[in-house]
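Alright, structures below, take your time with them.
What follows is chain A paired twice: with chain B in the first complex and chain C in the second.
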Partner chain A sequence: MGELIDAVVYAMPFLMGGLGTTLLVSLITVVLSLVTGVVLGVALIYGPQPVRWVIRLLTDCIRGIPILVLIFAVYYGLPPLGLNLSSFWAAVFALSLFKTAQVIEYVRGAVSSIPRGQMEAAKSIGLIFPQRLRYVIFPQATRRFLPPWVNGVTDAVKGSALVSLLGVVDLMQAINQVIGRTYEPMPLYLLGAVMYFVINYSLSSLSRVLERRYAYIKE
Partner chain B sequence: MSAIPLLKISRLTKSFGTNQVLKSVDLEVTAGEVVTVIGPSGGGKTTLLRCVNFLEAYDGGSIKIDGREVGYTDNAGGKKRGEVDLAAMRAETGMVFQSFNLFPHLNAEQNVMLGLRQVRKKPHKEALEIARHWLDRVGLSHKTGSLPSELSGGQQQRVGIARAVAMDPKILLLDEITSALDPELVNEVLDVVRQLASDGMTMLIVTHEIAFARDASHRIVFVADGSVSAQGKPDELMAEVANNERLRSFLSRFSATAH
Partner chain C sequence: MNYQLSFTQIWRHFDKLSYGVLLSIELAVIAILIGAVIGLTLAVIYVSSGRVVRAFISAYVEFIRNVPLLLLVYLVFYGLPTVVNIAYDASTSFIVTLSVYAGAYLVEVFRSGLDAVPKGLLDAGKAMGLTPWQRLLHVRLPTMTRITLPALSNTFISLFKDTSIASVIAVPELTFGAQWINNRTFRIVEVYAVTTVIYLVAGYLILFGLRMLERRFRVER
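Right after this comes the complex of A and B.
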């Protein structure tokens, strides 16, 4: 028991550093993918035909590639194109691409679930397109968008462990490094699992709160 | 009713693919006039109404409100108006829908206020006053804070009417606004429409309530097969029955209620 505590105390500072990176990677990924995903998702539904085709092609491609392959493709594929990203940013970029494709799909599902009459009623009182989205479509779509999206956020936190493949020292990589020094894998992997669990449990609790908050919207 | 028409529809055509739904519709509505459109199912009544506020883009002919072409900068099929211009025109034509289409995330008051705040740019206090005034006028002063899901169909439709008239439109378009209602709720909605009519609101009403069309409108227009087949003051139109076969067969289905 004493040894276990010693191991944890020794490992803590390293793990905290790694945890910081994991949270940072997740946060950037989530924010980037949310913004671009919503914009592209709206364009996929309301945009002109050619724009829709391009977005469809993009999301189908991204979703057809395993995320692992996507990460290496970005890391090794971009420099020859003259774009030199650090391994941190290459990893974040790849994860964001992957997440964006998901967000586009959630947005499409949520927005197209809203009856056509809502858009028509919004038009008929004279709202312009951005107002129709902001005051009529989005508030209703949010209810459908949130549950899968929050799920997707927990996936992003878990998926961020893949950045360790490019040598970025996130929580996963920090655990591996400490184990490399102490040769005590079990307590550290347990500790790591607990940390991931705490983050994701808080996120899914948050999602339940949000779901309740939007439950009042009925068609 | 010899004034310049507020709404002037001429030689209007509209097709969905190869299905020509409107085959040259001519129709005028003067300010203060209540015109009802009746006719067999699939005859193009809804399509006609939807063209008037450009929920449907028309292919040919012209629709003018106060002399301005609806939807297009010049002529049908030409250059469409920009988003802002189009929205401004739509704000001048109120529309009430068969399926209410209230905004489910907003309460009655907020449903009415949205256009007042965001389109008419009224300050909150004034928008709230106008919303309450109209909800009171449709008999819902006790339901201003209710969500649509907490209202009966008749109440929802009255909110729908309040939402449209609160914008102070030049003309109100009503498309079978009682046909989704239980029979016992129809009258509370029609009474509101009668009230508006006696206040001088200009209205173009599509309805299957022939009795209502007869007693509430200045003119009845019979639309069948994509064009105006007969029209006139209610009693004039009823007299037309003798020489209009289609009108006769259409009205015969209502004979139980029509006299």
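Right after this comes the complex of A and C.
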């Protein structure tokens, strides 16, 4: 038991550094994907037909391939085509692509759950399109969007473990590095699992609270 | 951009990819079968037991769902053999991991499926004089299976994609095949282009087949 505590005390500074990177990768991914996802999601619903087809095709392709393949494709595949990204940004870019496709689906689901009459009513009182979105559609759609989106943030945190495969020292890679020195895999993997669990469980609990909070909305 | 695409090397080693995609599907099929047994057993236990047992099942579900699959794969392959006296090859280890992973997701699927069986059906079973076991076996489970079919096929598709993670412990599935070719030919762009297409085609073919199955067994409401 004493040895175990020593191992944990020894590992903690490294793991905390890694955890910082994990959180940073997740944060950038979440913010980037939220912005692009909402814009593209709105374009998917209200855009002209060709734009819709392009977005549909892109999201269906991205959702159809594993994140790991997406990460490798971006990291190894773009430099020969003339675009050099560091491993950190390649990973963030790939994760954001994946997450954007998810956010587009959440937006589509949330916005299309708003009755048609709302849009028509907003039109009839003379609001222009950005105003209709801002004052009528978004306030209502947000309640539908928030619970699944917060839950989806856990996917970003879990997905960020894959950046370790590009050599980015995130929590997963920090764990592997410490194991490389101490040859004590089990306690460290369990410790890492607990760390991931704490972050993600808080997020999914928050999602459940939000869901209950907005449960009064009926179709 | 002066990169010359050349696919000849990819076709020469295409057997790595075709073998890989079949192995990916095989891993996903085995995992969902074992996962379904785990999930169904725990779901039935969950709906028919007290708070303590439920807490244990929830702990399993929440733990697996909130930890990255990559970490679980490492834990089972590198970690477990150091504390328990077992030895297994990479494929077996990955199947164990993916099955336990699938089980956690399927408990939730089956649990909500069991809840979604109309109460009137169970009452009707009771009125006919069926024993609790018979009600479960002949009324609740068949209805639940049809209700949960769409969720099951979604789980299967995501498991199929998750098999790519097996490449990190050198299970020769599709992603590993792509890396193998990449390491020997350096045809990076081409190999990932082909791999992506294979994942998409295989994924959508499976999805199409499963949707047909769903339509055949859909519960009319």
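By our rule, the second predicted complex is superposed on the first by the 207 of 219 C-alpha atoms of A that agree within 3 Å, B and C clash if a C-alpha of one lies under 4 Å from a C-alpha of the other, contacts with A are read in each partner's own complex, and residues count from 1 in each chain.
Just so it is clear, contacts are C-beta pairs under 8 Å (C-beta built on N, C-alpha and C of every residue); 3 or more make two chains touch, one makes a residue touch a chain.
This is a predicted model, so every value here is computed, not measured.
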{"item": "Partner chain in contact with A:213 - chain B first, chain C second, else both or neither", "value": "neither"}
{"item": "Contacts of A:190 with chain B and chain C, given as first, second, both or neither", "value": "second"}
{"item": "Partner chain in contact with A:64 - chain B first, chain C second, else both or neither", "value": "second"}
{"item": "Touching partner for A:123 - first (chain B), second (chain C), both, neither", "value": "first"}
{"item": "Partner chain in contact with A:56 - chain B first, chain C second, else both or neither", "value": "neither"}
{"item": "Chain B versus chain C as contact partner of A:80, first or second or both or neither", "value": "second"}
{"item": "Partner touching more residues of chain A, whether chain B or chain C", "value": "C"}
{"item": "Which superposed partner A:181 touches (first chain B, second chain C, both, neither)", "value": "neither"}
{"item": "Interfacial residue positions of chain A with respect to chain C in the complex", "value": "61, 64-69, 72-73, 76-77, 80-82, 154, 157-162, 164-165, 172, 175-176, 179, 184-186, 189-190, 192-193, 196-197, 200-201, 204"}
{"item": "Touch list for chain A against partner chain B, complex", "value": "115, 117-118, 120-129, 131, 135-136, 139-140, 216-219"}
{"item": "Contacting residues of chain C [partner chain A, same complex]", "value": "1, 3, 62-63, 65-72, 74-75, 78-80, 82-83, 161-165, 167-168, 175, 178-179, 182, 188-189, 192-193, 195-196, 199-200, 203-204"}
{"item": "Complex interface listing, chain B residues touching chain A", "value": "53, 55, 83-84, 87-88, 90-95, 97, 99, 101-105, 114-115, 118-119, 147, 149, 163-164, 167"}
